[in-house]
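Structure incoming, see below.
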Amino acid sequence: MILRYDRLAVELPKPKNPSPNDAAAVQELLGGKFGEMSTLMNYTFQSFNFRGRDRLRPFYDLTCSIAAEEYSHIEAVSYAINLLLTGTTVRGKDPVPAPLKDATDARNTYHFIASGQTALPVDSMGNPWTGANVFSSGNLKLDLLHNFFLECGARANKMRVYEMVSDPCARTMIGYLLVRGGLHVVAYAKALEKLTGVEVTKLVPVPELSNDAFPEAKKLQDQQKLHLKLYTFSPDDYKQAGIIWTGNHPEDGQPLEVIQGGFQGVPYPKLEEEPQLNSPGADDYDPDMFKDIAKKMGMKM
Amino acid sequence: MILRYDRLAVELPKPKNPSPNDAAAVQELLGGKFGEMSTLMNYTFQSFNFRGRDRLRPFYDLTCSIAAEEYSHIEAVSYAINLLLTGTTVRGKDPVPAPLKDATDARNTYHFIASGQTALPVDSMGNPWTGANVFSSGNLKLDLLHNFFLECGARANKMRVYEMVSDPCARTMIGYLLVRGGLHVVAYAKALEKLTGVEVTKLVPVPELSNDAFPEAKKLQDQQKLHLKLYTFSPDDYKQAGIIWTGNHPEDGQPLEVIQGGFQGVPYPKLEEEPQLNSPGADDYDPDMFKDIAKKMGMKM
Amino acid sequence: MILRYDRLAVELPKPKNPSPNDAAAVQELLGGKFGEMSTLMNYTFQSFNFRGRDRLRPFYDLTCSIAAEEYSHIEAVSYAINLLLTGTTVRGKDPVPAPLKDATDARNTYHFIASGQTALPVDSMGNPWTGANVFSSGNLKLDLLHNFFLECGARANKMRVYEMVSDPCARTMIGYLLVRGGLHVVAYAKALEKLTGVEVTKLVPVPELSNDAFPEAKKLQDQQKLHLKLYTFSPDDYKQAGIIWTGNHPEDGQPLEVIQGGFQGVPYPKLEEEPQLNSPGADDYDPDMFKDIAKKMGMKM
Amino acid sequence: MILRYDRLAVELPKPKNPSPNDAAAVQELLGGKFGEMSTLMNYTFQSFNFRGRDRLRPFYDLTCSIAAEEYSHIEAVSYAINLLLTGTTVRGKDPVPAPLKDATDARNTYHFIASGQTALPVDSMGNPWTGANVFSSGNLKLDLLHNFFLECGARANKMRVYEMVSDPCARTMIGYLLVRGGLHVVAYAKALEKLTGVEVTKLVPVPELSNDAFPEAKKLQDQQKLHLKLYTFSPDDYKQAGIIWTGNHPEDGQPLEVIQGGFQGVPYPKLEEEPQLNSPGADDYDPDMFKDIAKKMGMKM
Amino acid sequence: MILRYDRLAVELPKPKNPSPNDAAAVQELLGGKFGEMSTLMNYTFQSFNFRGRDRLRPFYDLTCSIAAEEYSHIEAVSYAINLLLTGTTVRGKDPVPAPLKDATDARNTYHFIASGQTALPVDSMGNPWTGANVFSSGNLKLDLLHNFFLECGARANKMRVYEMVSDPCARTMIGYLLVRGGLHVVAYAKALEKLTGVEVTKLVPVPELSNDAFPEAKKLQDQQKLHLKLYTFSPDDYKQAGIIWTGNHPEDGQPLEVIQGGFQGVPYPKLEEEPQLNSPGADDYDPDMFKDIAKKMGMKM
Amino acid sequence: MILRYDRLAVELPKPKNPSPNDAAAVQELLGGKFGEMSTLMNYTFQSFNFRGRDRLRPFYDLTCSIAAEEYSHIEAVSYAINLLLTGTTVRGKDPVPAPLKDATDARNTYHFIASGQTALPVDSMGNPWTGANVFSSGNLKLDLLHNFFLECGARANKMRVYEMVSDPCARTMIGYLLVRGGLHVVAYAKALEKLTGVEVTKLVPVPELSNDAFPEAKKLQDQQKLHLKLYTFSPDDYKQAGIIWTGNHPEDGQPLEVIQGGFQGVPYPKLEEEPQLNSPGADDYDPDMFKDIAKKMGMKM
């Protein structure tokens, strides 16, 4: 089970140049074969399906910790997409002047027809994420190898999308993903090492370009050491992840650290209304009607 | 962001008659169009994409609370499938006697080839869950109407799968889903009522058959009042869900209640190893090697 | 535009042995790549998209006539499936004895979970029909060649499904399809002949086995000459189809005939309720309530 | 069975600015999840599959009537797409100057490669319509609820595509769809009301924006009262639809009316040849050759 | 089994104007329903699955010969795509200036995210090729008819993509495909003739436009007679293809010829590195390290 | 380009117990995500797309060699499936006694409807192989890592299908695949070693079970040393694969060897006719008619 809290892992600046095609490109990191839906669902199902977990608890705990963090990644990518799409059409309620006219040339028309200028579980070509992306063989060595490859493939995608979009909102989010995804690359490499004795961490980085080439990532590594800290994303469980996440980072030699719990995070960015899309609509709804109820229930509104 | 804790929402008895075809049928409730992957992902994306949430906070909070609970549902269905598949093949490591022979006639061969006799995000025909199942129009009234319909459709599926499988493990899980899914039906109906004034709750139940016809569901309603309690599944957030979840239940008239946080739950059931599938394999791994590390880190192994 | 009338093209006997797996096999003729959804939609879109139709009117009219008939084919296959599924589970409203137990071993579980034991636009493996099956190149010669091939492929499928199922309900329907599909094979061959001068009709039958091998088909050919009569399925239009549908049948040399309008048909077979599926449910609905309205409106109920 | 007649429901002006990307956007209303292929096929299959129809005849008749009308909608959307694509490339037969050059940047290249600049059963991203879009649970209340939701979702899509394209051809067609789709929203709401007593019609419009905001729709409502008239689209059948379609319209209070039969409609717009696409080709075909046959058969050519 | 040799069938000029959207359009000829993946896989599976091949050896041999040639077609299309994509982004290793910025507006973003600016088995809309495109009924007449149709459909696609792209690299490749695909059209027509006596070759060309309209194709036909020569693409086998490939070409009456073996071809074009994509990366790899090994093994490096 | 020769890599015994469900299971090794279509197409596209190949020639040559061998694997799996399906239905031409009756309960009905009891590019659930299975990032290290993982995943699937089917025909084929796939695992591991210095070969076997557990595989390793010999599958090219394929086998320490060219192989097994499926049909075809032509052409018939 999970408890959700209303915070985003990373603070995203408001885009300087909202852009539907930038948003469309970033969708690859959400609903693509190597997007965050894939990492989230792969590790989640592997954790549900983990046989013999008493004997192999540290590997189970590591998988659970990373799985839980991936939720914060689909969230961060979604918010970046939402911000990149906010304000890209003419605001207003009159359909006659064709306020969504520019959307006709946008690469991903689902953003404007199926959603209210927001994220969907699709990739950069608008193809939906599919459960066929989940690998859960049940063989620990094979699953770990898969996860190591998946994170490396995801890293390549992040690097390339970074090279496509230059807006600070997108790049801040991708920098964050590069750091945390990079940590997951190392984590699965270390798990394979612990299991087999082969020095898999020496393969990293795959692809070869270091995170130092991405200023937003470098800053998070330099200032917050976010490439070193494995969070369990659990109040009390998954402590044995620390049996795997020990020693030093293979790239800069700094000591690794396990932190019980999740990131503190920041409040979600505000998503403005898009009235021409009737998003959210409900203009007649009167929140005051329910103030009394709220007061009695001790809520602040 | 989420925090995960290592508990299952409902205690599942060990199956009396593990059965691959029962497991295949139950997959509909996990990866089908109306399965729990769909409810989880619909509400999750709607919550990320919710525009104008300050003005419409109670609806946002309700969506977030239910979204968070759905995670416990994919978990519960997955464990039921895993238990139904455990022990359905001959145990052993010698491939020569064809220990998976019976799997050749199983309806879902992915359970035996792609997984270690465990759950996958596919439906009862083995077709993968797809992001195309996510509806997130951004229009509040339309999204709520969708959610109300989705929960009713999901309810129909649960009733029918219940009628297909009689093993107590599956039925305990489905009984639980009927109760909680039934609560979600009412919750979205109430949200539509609050928004529009139309008495949508009077439409329930859809389909017409009451939960009382399902003994496992009835027991949870009678003994634990689980059809009345909305959990926020959050340490501190989503309190305004309570502005919608007020009054009495439309079927039995009992008072509704909001509970901050999640279920206490029970420990996960044990998933035995399936050695002929190399699941989990790793026979040479020596957990003792890491006991010292664990001791220093203050863990119990 | 169309006008629909409440009649079925062919009288289907009630199945002797209703069978989910027979129904699953017959689905190929509805939602398969070569099923009736494909013939219906191919010709329908080709007719909407027909450029230069003034100059090439007879080909347009032929396509429209056949397109309209195909509607009666999806209907006939659907009813056969529905009848084959009717009564295959235990009737009753109590879910506890698992009235759908046998469905757990059925090849197509969608019949029992997604539908009330009725037809769906899927093939014999449960895979949905897709618009990718529609070919509409706009080049007349190529579209006719496609249609000729499509009908031959459809014919092969019909022959094979006939060899799989022996129930009279299914076979009566397939016999009908073999005759009418055979007529469409000849029609497109004749169209190619008219367009190019090449004696395409001499290629038939493809596959080589004659309809005479199928008693239900032979009967319709012998008694009703249904292999000779092209119906326009229109009150007044599509007359120029007769410019192509002239001469004699390539197999038995009998004269071809065009008939303005559609088949007379027979009343739809009765589809009994399946209460354990809540299909149709609505037990509380009181038709008498509306008798007065009906009376005023001059309807008989 | 159906009878087809060679008329289009609505007169479409020739586009002022034919545009491939406008055509691509409009495809959502044809082959999208909420497009007219979906409404057509949902109600068609529900009508074939309707169990217990004697007892619940009015609901069956309503479904059949609307199903039959939807055929005219796929037709209308297809013709609008065809007109928007007509003349968008350089006419001529010489491939050397790259007459389709501009198509390289068009969003939907299938329009130029797979078709002769005409409609296909795909959505605004070029993804094919799929039978997975058909919902046919067999439970009447659930199917009606689905249909009500489907029509509301379709309405949102129509509104948004209207806001994307400003060409009068597209907007005339969409205005027509908004009116007739709006009528279907009300029809399914009334059906639910009749079945359950809950005032579902008070929920409309979903989304909240009135058809009055769309001049082409408003005109059809004001002048032809097209939002009030349910057509049975049958020569003689489906009369009991009138038991449901009674009373007044929930938005403007005007009296509802049932009309036996279909629209009169207008002749199909002329689709010019596109010779660079070999559409239709057949330049050597000599229609005169068949004039004699036609004369004998009493046809006018 | 196959032996591969490192040569390309046709010499491709370096593109004058590399263009992602040209490359995207050409993908239809690789991974589209009528692309070379389809012809390759159809004939390959038909050859594996050919029953009764002793009795019908010439048809088997013909299918095998053409199947083997199709490999050279997927190769030729892939190289054309690769060349059209080479150099379309800013070279360099620094991600900060967004070297892939232009890719954000490219129609096929997979070229830049999933590949290193190279070909993928997808169509012009980025949808993946699927095994559902393979037709292998086992009935010889039907399979030949299919193949004849498939080649005609493929021919239409080639003509249309030729009309979309004007770069000499793409057109040289398409001209080659038109000639060889045209030969395959005739080959399957002749096979049907041999089998049935019907003069199917008289139907060609479908569509009607002659290869003479395409200068690059005409040149290959005039100078190299490439429309007349069937290659067995085998060292010693498939000789009986010559029993079908006899007589004269139906369009220009020149004598047909069978050649044992494959084309001589030309060296593959050089594919430059794209460092911003880390393609191929491996900058630290030192080929000199392995020179000694190579020398001992008698290789030239 | 390729040259094809009419030989199968491995001699397959005629099945003792032909079985549709065994054949359906084996399909996973052909058209599954980890089937031979995937290995073939992954390495083929990676070889076409290989940038910087002069600098990294040994890796290119290795990829080409393995890609070419994979063709023999899709062939071997297909023949095994074809043999397992041969004779599984009643032979004869009369459809009336329902000769395909048993096929109604077969898991893969496509084998009987879409094919003449032969292989299709689909997986064990009948889902078609898709181009989405091809990974071709262009980054050498990442592509090699992918290939290493892909081969390990394929190995797990082979092991599991071996455990499902016991017929000697299937097992001989799988034994062969285990040996050759195992060699490919090692080959990609060695390539990664050469590129990075990390001892990736020490990870094998993944999954942990040795090929020695599979008698048919063990025999090929013991008697023919087939786990040691890399074939270039080219008359003259791809020699530098030998720079990578050097040293000893990581499991048994025996010396590795490169062989220029392909396997000698054996004649294809005979595929009997299945007349009830009209496969191949063409009963009227008279091969004698063409004997004269053959004689003149110097062929033996």
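First chain written, first letter: the chains are A, B, C, D, E and F, and each begins at residue 1.
We take it that a contact is a pair of C-beta atoms (placed from the backbone, for glycine too) under 8 Å apart; a residue touches a chain by one contact, two chains touch by 3 or more.
Only a predicted model underlies this, so the values are computations on that prediction, with no experimental measurement involved.
Common neighbours of subunit B and subunit C under the contact definition above: D, F. Taking the definition of touch as given, a chain qualifies here only if it contacts subunit C and subunit E alike; those chains are D, F.
Greatest centre-to-centre distance from subunit A is found for C, with centres as Cα means.
Two chain pairs are in question, C-D and A-D; the one with more C-beta pairs in contact is C-D.
Note on B-C: across the candidates A-B, C-E or A-E, the interface recurring with over half of the contact pairs conserved by residue number is A-E.
When every chain is reduced to the mean of its CA atoms, the largest separation from subunit F belongs to D.
For the self-contact between subunit E and subunit F, the two sides draw on mostly identical residue numbers; the shared fraction is above half. Between subunit C and subunit F, the centres computed from C-alpha atoms are 40 Å apart.
Shared interface positions of subunit E, i.e. residues touching 2 or more other chains, are given as 33, 107, 114, 125, 127, 132, 135, 137, 139, 141-142, 156, 207-208, 277-278, 281-282. With chains as nodes and touching pairs as edges, the resulting graph is of another kind, matching none of line, ring, star or complete.
Chain pairs that touch one another: A-B, A-D, A-E, A-F, B-C, B-D, B-F, C-D, C-E, C-F, D-E, E-F.
Those residues of subunit B that touch subunit C in the shared complex are 19, 21-22, 24-25, 28, 32-33, 107, 124-125, 127, 156-157, 159-166, 207-209, 213-215.
By the touch criterion stated above, subunit C contacts subunit B in their complex at residues 93-101, 103-105, 107-110, 112-114, 125-127, 276-278, 281-284.
Taken together, the subunit D residues at the contact with subunit C in this complex read 1-9, 31, 37, 41, 44-45, 48-58, 64, 67-68, 71-72, 74-75, 78-79, 82, 114-122, 128-132, 134-142, 194-195, 233-240, 242-243, 246, 261-263, 265, 270-274, 277-282, 285, 287, 290, 293-294, 297, 299, 301. Across the complex, subunit B meets subunit D through its residues 33, 132, 135, 137, 139, 141-142, 145-146, 148-149, 152-153, 156, 192, 196-200, 202-203, 206-208.
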